[in-house]
Structure formats: C-alpha cells, structure tokens
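Each of the two complexes below includes subunit A, the first together with subunit B, the second together with subunit C.
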Partner chain A sequence: MGNEQLKEPDFNVRFEYRRKKSKEEMRFQLISFMLMIFLTILAFIAVGSNHFPPKFVIPFLLLLASVQVGFQLYYFMHASEKGHTFPMTFMYSAILVAFVTVLVFMTIIWW
Partner chain B sequence: MSTVASKKGIGAFIWEYLTTVDHKKIAHLYLAAGGFFFLLGGLEAMFIRIQLMKPQNDFISEQLFNEVMTMHGTTMIFLAAMPLLFAYMNAVVPLQIGARDVAFPFMNALGFWLFFLGGIFLNLSWFLGGAPDAGWTSYASLSMRSEGHGIDFYLLGVQISGFGTLMSGINFLATIINMRAPGMSFMRMPMFTWTTFVASSLILLAFPPLTISVFLLMFDRLFGSKFFDVAMGGNTIIWEHFFWIFGHPEVYILILPAFGIFSEIVPTFSRKRLFGYSSMVFATILIGFLGFMVWAHHMFTTGLGNVANAIFAVATMAIAVPTGIKIFNWLFTMWGGNIKITVPMLWALGFIPSFVIGGVTGIMQAVAPLDYQLHDTYFIVAHFHYVIVGGVVFALFAAAHFYWPKMFGTQLSEKLGYWTFIFFFPGFHLTFFVQHFLGLMGMPRRVATFLPGQGLDAGNYISSIGAFLMFIGVVLLLINIVVTSVKNKKVANDPWGDGRTMEWALPSPPPYYNFKQTPLVRGLDTWWLEKMEGNKELPPAEPLKDIHMPNNSILPFIISSGLFIAAFGAMYSPLNVVGDGKPWGVPVLILGLGIMFGTMLLRSLLDDYGYYIPKEDLVDDEGKGGRAG
Partner chain C sequence: MNVTEKFTPQTWPEHPETATMEGKNKFIGFWLFLAGETVLFASLFATYLALKDSVPDASHPLAKDLFSLPLVFLMTMILLTSSLTSVYAIYHMRNYNFKKMQLWFAITVLLGASFLALEIYEFNHYVKEFGFTFGSSAFSSAYYTLVGTHGAHVTFGLGWITALIVRNAKRGLNLYNAPKYYVASLYWHFIDVVWVFIFTAVYLIGKVG
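What follows is the complex of A and B.
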C-alpha cells in the first residue's frame, strides 16, 4: 500500500519536470526556427544583391548550409538526445565517406 | 506451428514458404535460391571453359560467349554469393545474439522476394531475345550501344534485386543494434555477427550509388535521357566511377562475412578462443572504411593522371594491413590449439594460402604502373577468382557443412565432404593459377577465342581441366545434400561438440521462437563459457512468459510481383533505344507499380499485431526440443 502513497507525488513531479522540459525545448525550437529563417534571408541577400563577388558568396553559402544542417539535426531531429548514438554515428560516417568522395572528384579526378 | 517438418500437403508446404516471415525459413529460401543461381552461374562458367579449351574453338558463337560471360559474372556476384551469405546470416545471426527474429521480419521476407524475382527477371533474358552482353560492369560506353534488350534485363533485374539487398542490410543493422540479449555487449559479439554488421553498413552506404547509376542508365536506355551520351553533352566515364564506388565496397560486402565464417570455424576446431578478438573487430571496421577510398584503382588506365593514380595506389595498399592482421590472427588461433580436422576446418585451412595468393596479386595490381600491363588481362581474372572463390566460395562451402545441422537438423556426410574438397581445391588452383601466366603472356580477358601457336594453348587446356574438377566437386556436394536429406538422421544441439557461440545451445533446428526465455550473456564465446562451468543450458535473463510472434504474410510476395510486372512494362516503353516499344508498355508499368504501392498501402492500413504463444504451451514443450536453451 505504501506504493500508492508514493505514486501521487511521483507522478506530479514527473509531470512538472516534463512540462518544464517541453517548455524549454519549445523555446529552443522557436529560436532556432527564427535563426534558420534569418540565415535563409542572409543567403538570399548574398546572392541577390549583386554586391558580393562569387569568391565570397560560395564559401559563405556553404558555411550557412552547414549551420542549417546542424540546426536541423540537433534541434528538430533531436540528435543530441539519448538513444541517437547509432543513427548519428552512421550519419557522420556517411557524411565522411561522401565528403571524401566529392573532394577526390573536385581535386584530383575531374581535371 | 513448428519448424520441425510434420507431414502435410505439398500445397501447404509451398504456402508456408511463400508467406513465411521466420528468419530460419527465409534462410532456407535464400540457400535454395542462391544455390540455384550458383549452379546456373557454374554452368555458364563451364561453357566459358569448354569454349576456351582449345584455340579457335566454335563451341559457342562470339555473341553467345559475351552473353554467357556477362551472365556468369552478374549471376555469381548478385544472385549467388550475396544471397548465399544472406542465408547464413539469416540462419545464424539472430541466434548468435540471442534474438527471437530479425528486427523487421516482414521486411526480411520482402527483401528475399525482391532479390529472387529480380534474379528470375534477369535470367528470363535467355528466353526473351538474348542476355546482357556488356560484362558484369556494364560500362556505359559499351552498354549504350548494345542491341536487343539484354542490357535492359540487366538494369531492371539488378535494380530489383538491389532493393532487396538494401532492405536486408538495413534489417541486419537494426537487428544487431537493437535486439542483442542482455549482457551481449558489442565486444562480446561473435565475429560472424560483427562482420555481418560491418557488411550491412557497407550495403547501406554502397548500394545507393548503384541504384542511382542503374537508374541513370535505365533512363538513358528506356526513356530517352542522355546522361551517358557524350555527343549530347553527357559523360560516359561517370558510370565507371559510380559503378566502382559501389563495386569496390561490394567485394568487401562479400569477403567480410566470409572472414566472419572462418573466424567462427577456426576457433571452434582449434578448441581455443579467437586470437586478438579486438584487433579482428578493429580490422573489420577499418577494411569497411578503406573500402570506400579505393574505387579508382579499377580505373588506373582511364587516364586519371599521376596524382590520382598514386593516391589510389597507396590507399589500396593500405588495405593489406588490416587484412594481414586477420590472416595472422587466424594463424595464431591455430598455433597451440588442439586442432581437429573436419570438413569446415579443411576449407578454412585451404582458404588461408589461397586467399593470401589472391591478396598478393591484388597488391601487384595496386601498383599503378604495373597495372597498365595487367589491366584487362587474364591476370585480373586469376586475381579476383582467387579472392572470390578462394575466399567467399570456400567460406560458403565451409559454412554449408558447419551450419547444416543448425539449419536442417541433419549433418552432411563428412566423407563426401572430404571428396568435395579433394576435387574442388586442386581443381580451383589448376583453373586459376595458370591464368596468372596466361595474363602475363598477354591473353586479354573476355575474349571468345584465341589463335593457336601463341603459347596460350597448354595453359587454357589445363585451366579447363581444372574447371571440370571443380564441377565434379560441386556435384559431389549436391549428392551429399540429397543423401543426407534422404537419410534424415537428426542430430543434437551441438553436433560438432566444440560449439562456442549461442546458436549451439539451441536444438537443431531451433524451435520457431528460438529462445523460450531470452538468455543472459556472461561473456565472449557464451556457450563455451557455460559448458566449461558445467551448465547444460544458457542462464535465462527473464521469467518464462508469453512470446509475441509476427503473423505470416503473402504481401511481400505480392509487392515484389508488382515490381516484377512493372519491369516488363518499363522494358517495352515506347521511348526505348531498341526501338521495339509497345503501346502496352506504359500501362503495364503503371499497373505493376499500382499493385506494388496498393499492397504497401494495404500493409500500412491493415493493423497486424501478430499473436502470442501462451506460457502454458511453452511449458508443454519441455523435453520436445523446446528447452529454454
């Protein structure tokens, strides 16, 4: 019977914890969502304004793109949470393999 | 509801196998289908060797030779070697990690039926106007000009069976990551499970490039696109790159599970734990990664330039290091062990020197300047047959004898097994060793005939004699299988007496739910550990409770048939380069895809919760071979 007495506060504590956690997550999601829109606007400006040379625009876009991928993975797909070790390991291995392949094509094969 | 064969009609038997989602039965299907294609590919190899037995032979015409040679390679790689490895993976891996089935039983069945119908589609080309004739690599510059529908059969067949392979690979990844029994940490996993895991990750990363490139070529040939047409601004070399970005990992997909099989057999019959387990794991993963960085060594002569050739040469040689680690580990496992020579062990002993020869010629080809001499000669043919036959096929034969008891409950005759080895092993070396010298003397590969008086006569004759010896070896194996099945003498759980991993704790064959209670794993070589402590079974990790099982389903077969029908529609598309498009082409394509997607929708909408085996039934099974194990 002692269990039942314990259950009530336990449930409340967990509920409170979940609520706080969800609130926090929601805030992060909104912030990163706004940041992503902001980065997208920057990207459009960089290309559309015609003020910047391609030598600057291309690396800049690549940089923005990698930040966007990070936001997507870690804030929207919850990659940092528990139980995502394997998907992330595989994803990074695949990114490494694909990156090396493209790099090889860009540097030494496609002359 | 039992895997132990009971007397029932042939119709019920076929229906059971058409609908099964049990990994052990899917293993039987893979073994039967892969074995069938292995015999087809072997027959094609015999035709090649008969044609090349003497100079200017006219046993088969040049065109037919091209078709036979192409189909031999394609069949052996895609339809024989890989499915046969999948057979052993399906049969053994869930048992080795203490699981009741793979993670996605339905997808497992779907993977098999896609592979099988893709293979059937490919082989239907023999009856429908000629087989593919551009080699198993199907280089775009050649295959775009091929007349008739052969190449289309290749593209559609390889694509469909490739989908199946990709699914099976993902399935094994999910299974090994999620379904290990309590205590089965990664560094306690048996080597065969480890190599299956790494090979599955290679499938996951290597098959998408194949899918894409086959799609591109398919669109070029069937729907009028111009990806590989140089005259229209396309690029024909990109096919070679795509193909080998897939193709090189593919050979590791084949050889790694073979390494895993030998890593199980060598410690079992040396009665000694595997030497350097952690270095074996490390070497396997390293080979997996390096396998993606070396594809251009197949293309040294396409004119990549010195820098690319040098870098790929060095990367290729680097693979010799982890492979060497493995070879030494097997030798050190045997060193000081109490070796028992059985048929599987005999194949393992034959494998080590044969594979080392193949590895050495591989390093020779990695030297780019030398490769200019060796490229497209019989030296290459000799090399890859030494690694694929001497590595993969030996492993398949070894595993057939080693795991037969676990798959079928009977033991293949050791005596006939020795005779298979006595014919096959010398036959293999006779066939392929002499081909090194034929290649060095300048005999190009893939030629339908050669002229007399060029010093090639004797070598080719010897090579063909060896092929006949191999043929006899395979026939003896078939006789062995028939004799063993007719005798049907059942064996106990650990027929070799020295089993080390968990599958040997289960009855042969295991009950359909595998483990009555999920076992607790207390260390590497789990079953050996318990035996040494005097235990008769594995300690359970859970109380006896109801077991949740998946229902059988015909849907995987219907989904695959839909794709099979769609392939015919695509081939006779009005836009195809052969120019014999039919008005029914597109409707049939849409019909086939409709059947496929409709069935997939049905699967998603109909909830199938499976069923439970009640606890009471499990208690009843006591003493009937259904022990907790």
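What follows is the complex of A and C.
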C-alpha cells in the first residue's frame, strides 16, 4: 500500500481529490441514467404510437437496446474503469456466442 | 492484510472491491460467471424467438393479444431505477459511508420486490384471463421459461442483497465484505441488462408483430 508513506496533509489532498472524482463520476452515472430513461421512453413511443412500419421499428428497438446495455456495462457496471480488460473479453466472447445462437435459431432452425 | 481492519474515509482504498486478493478473485470470477449467464439467457431468447406465436389453434392468444405496454413500461422504470440506486450504494461504499450504502441497497431491494410483485401479477393475469399457461403452447412454454428465469434471478438477487444487508448490519464496512457488496451490485445490473432485452425482444417486438 503506497498510502502508508504519505504524510497527513498529502493524505487530505488525495482524499479531497478522490471525493471530487467520485462526485464527478456520479454525475456521469446520473446523466447515463437519464439517457437510459429517455431511450426507454423512445422505444415505447415507437411501438405504442403505431405510426411506424415494423421494418423500421424492429432495427430501431434493437439499436436502442444495444446503446442502453452499453451504458449499463460501461457506466453502471464500471467497465470503463481500469482493470476491466479480462472481464470485457469474457463479456464480448459471450455476446458473440449469444448473437450466433439467436441468429441460428431464427434462421436455420424453425418449427 | 487484516481484512477486518477498521478504516477511515481517508485510509479507505479507492477500489475496495479489488484491494485484496480475495476481492480480485471474486471480481474476475464473477465476470466470468456473468459471461456464462449471458450465454444461458441467449439460448432462452433464441428458443423464445424461434417459438414465438407457435400455437396449436386460432383460439390460443398470440403475443400481440397478451402483452400490455403500460404494465411493462412501469416494470421497466422500476427496474431501471433500482439499477441506479445500487450505483448510489456502490458510490457510498467507495466513500466509506456504510450507513448510506446500506440505505441505498435497501431501496434497491424494495424496488426489486415491487418489480417482482408486478411480474407475479402479470403471470397470474395471463393464466386467469387468457388461459395462457406453461403447457398451453410451445410459445407459452418458451415465454414462461425466459421471463420466469429472469424473475428467478430477481428473486435470488433480492435474497442475496437482503442477506448482505442483514449479515453486515453490525459489522460495518471492511475489505472482507466490500467485494461481496460490489459483486452483488454487478449481479443486479446484469439483471437489468437482461430485462432491457426482454422488454425489447419479447414485449415491444411482440407488439409490433
């Protein structure tokens, strides 16, 4: 632990800096939350209004969902912080498998 | 390192969840688990999408007859907000504010419980009003398996977070339980990630056709 060598004033400076940084982070979290709410409302309006053809609505909904999941992973689950290379490698591999599974079931396999 | 050591907000590490070897292992292991869960849910989604509206006869309800958007919208808002409250909890954990962390996790549990109550109401409504039961069609089996597995995850998450809140109530925050809280919050966000795809692929696309 590098902290132990620091003298008292340094400690406080670092503490103040950290407090500020987490506050800043929290603001980003709040902004991403509001964007997620906005995207959700947009998705429900796209369907609820009955104005748009399915050919437009379905890709649009999938796009909104992907953006929302990006916010969840990178902000809410802190994946944008350092030390997330391995976790994100796992997740992207899983997303690839997930994508292929869904694609195969919807195109080659049918009942 | 003595994991039960008492800290002050000044001496508390910036990333308490990965400050110990145990925490690091939990962190990496849990993400690996979440990747596995992603694949599990993908297979359930794929099955649902392939079997959507596969019904034995015309009297059986289809996706567009069943789902009600206002209810799903409410459930989505509740779960999304509970995701934010658990972010607040982790924010306070990193600032070594045990009481506020417990409070925000408790709010998360309350929101999760109301989500679960709405889901139970929804399933009950489908069975009672539409005769849409687990065995009534391939569509209904796939639907209940997918959404029910998500509901089971919510239930498990509620039990897990409640257990953490109760178990550590008198203990306070230390480097032993900080990774536990962190990992539980990751699980909770993952539940919300799955729900984003459920409300999109099942309910909204189900309404479109």
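Criterion: the second predicted complex is superposed on the first by the 103 of 111 C-alpha atoms of A that agree within 3 Å, B and C clash if a C-alpha of one lies under 4 Å from a C-alpha of the other, contacts with A are read in each partner's own complex, and residues count from 1 in each chain.
The rule is short, and it goes like this: contacts are C-beta pairs under 8 Å (C-beta built on N, C-alpha and C of every residue); 3 or more make two chains touch, one makes a residue touch a chain.
Only a predicted model underlies this, so the values are computations on that prediction, with no experimental measurement involved.
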Answer with first, second, both or neither: which of subunit B and subunit C does A:Phe86 touch in the superposed model? both
Which of subunit B and subunit C A:Ile109 touches, first, second, both or neither: both
Is the number of subunit A residues in contact higher for subunit B or for subunit C? C
Given the touch rule stated above, what does A:Thr101 touch, subunit B (first), subunit C (second), both, or neither? both
Identify the overlap between the subunit B-contacting and the subunit C-contacting residues of subunit A. 86, 90, 93-94, 97, 101, 104-105, 109, 111
Could you please specify the touching residues of subunit C with respect to subunit A in the complex? 9-11, 13-15, 18, 27-28, 31-32, 34-36, 38-39, 41-43, 45-47, 49-51, 54, 69, 73, 76-77, 80, 83-84, 87-88, 90-91, 94-95, 138, 186, 189-190, 192-193, 196-197, 199-201, 204-205, 207-209
Inside the complex, what are the residues of subunit A that reach subunit B? 86, 90, 93-94, 97, 100-101, 104-105, 108-109, 111
In the complex, the residues of subunit B that touch subunit A are 173, 177, 201, 204-205, 241, 245, 289, 292-293, 296, 304-305, 307-308, 311
As the complex stands, subunit A meets subunit C at residues 1, 3, 11-12, 15, 18-19, 22, 25-26, 29-30, 33, 36-37, 40, 43-44, 46-48, 54, 57-58, 61-62, 64-65, 68-69, 72-73, 76-78, 81, 83, 86-87, 90-91, 93-95, 97-99, 101-102, 104-106, 109-111
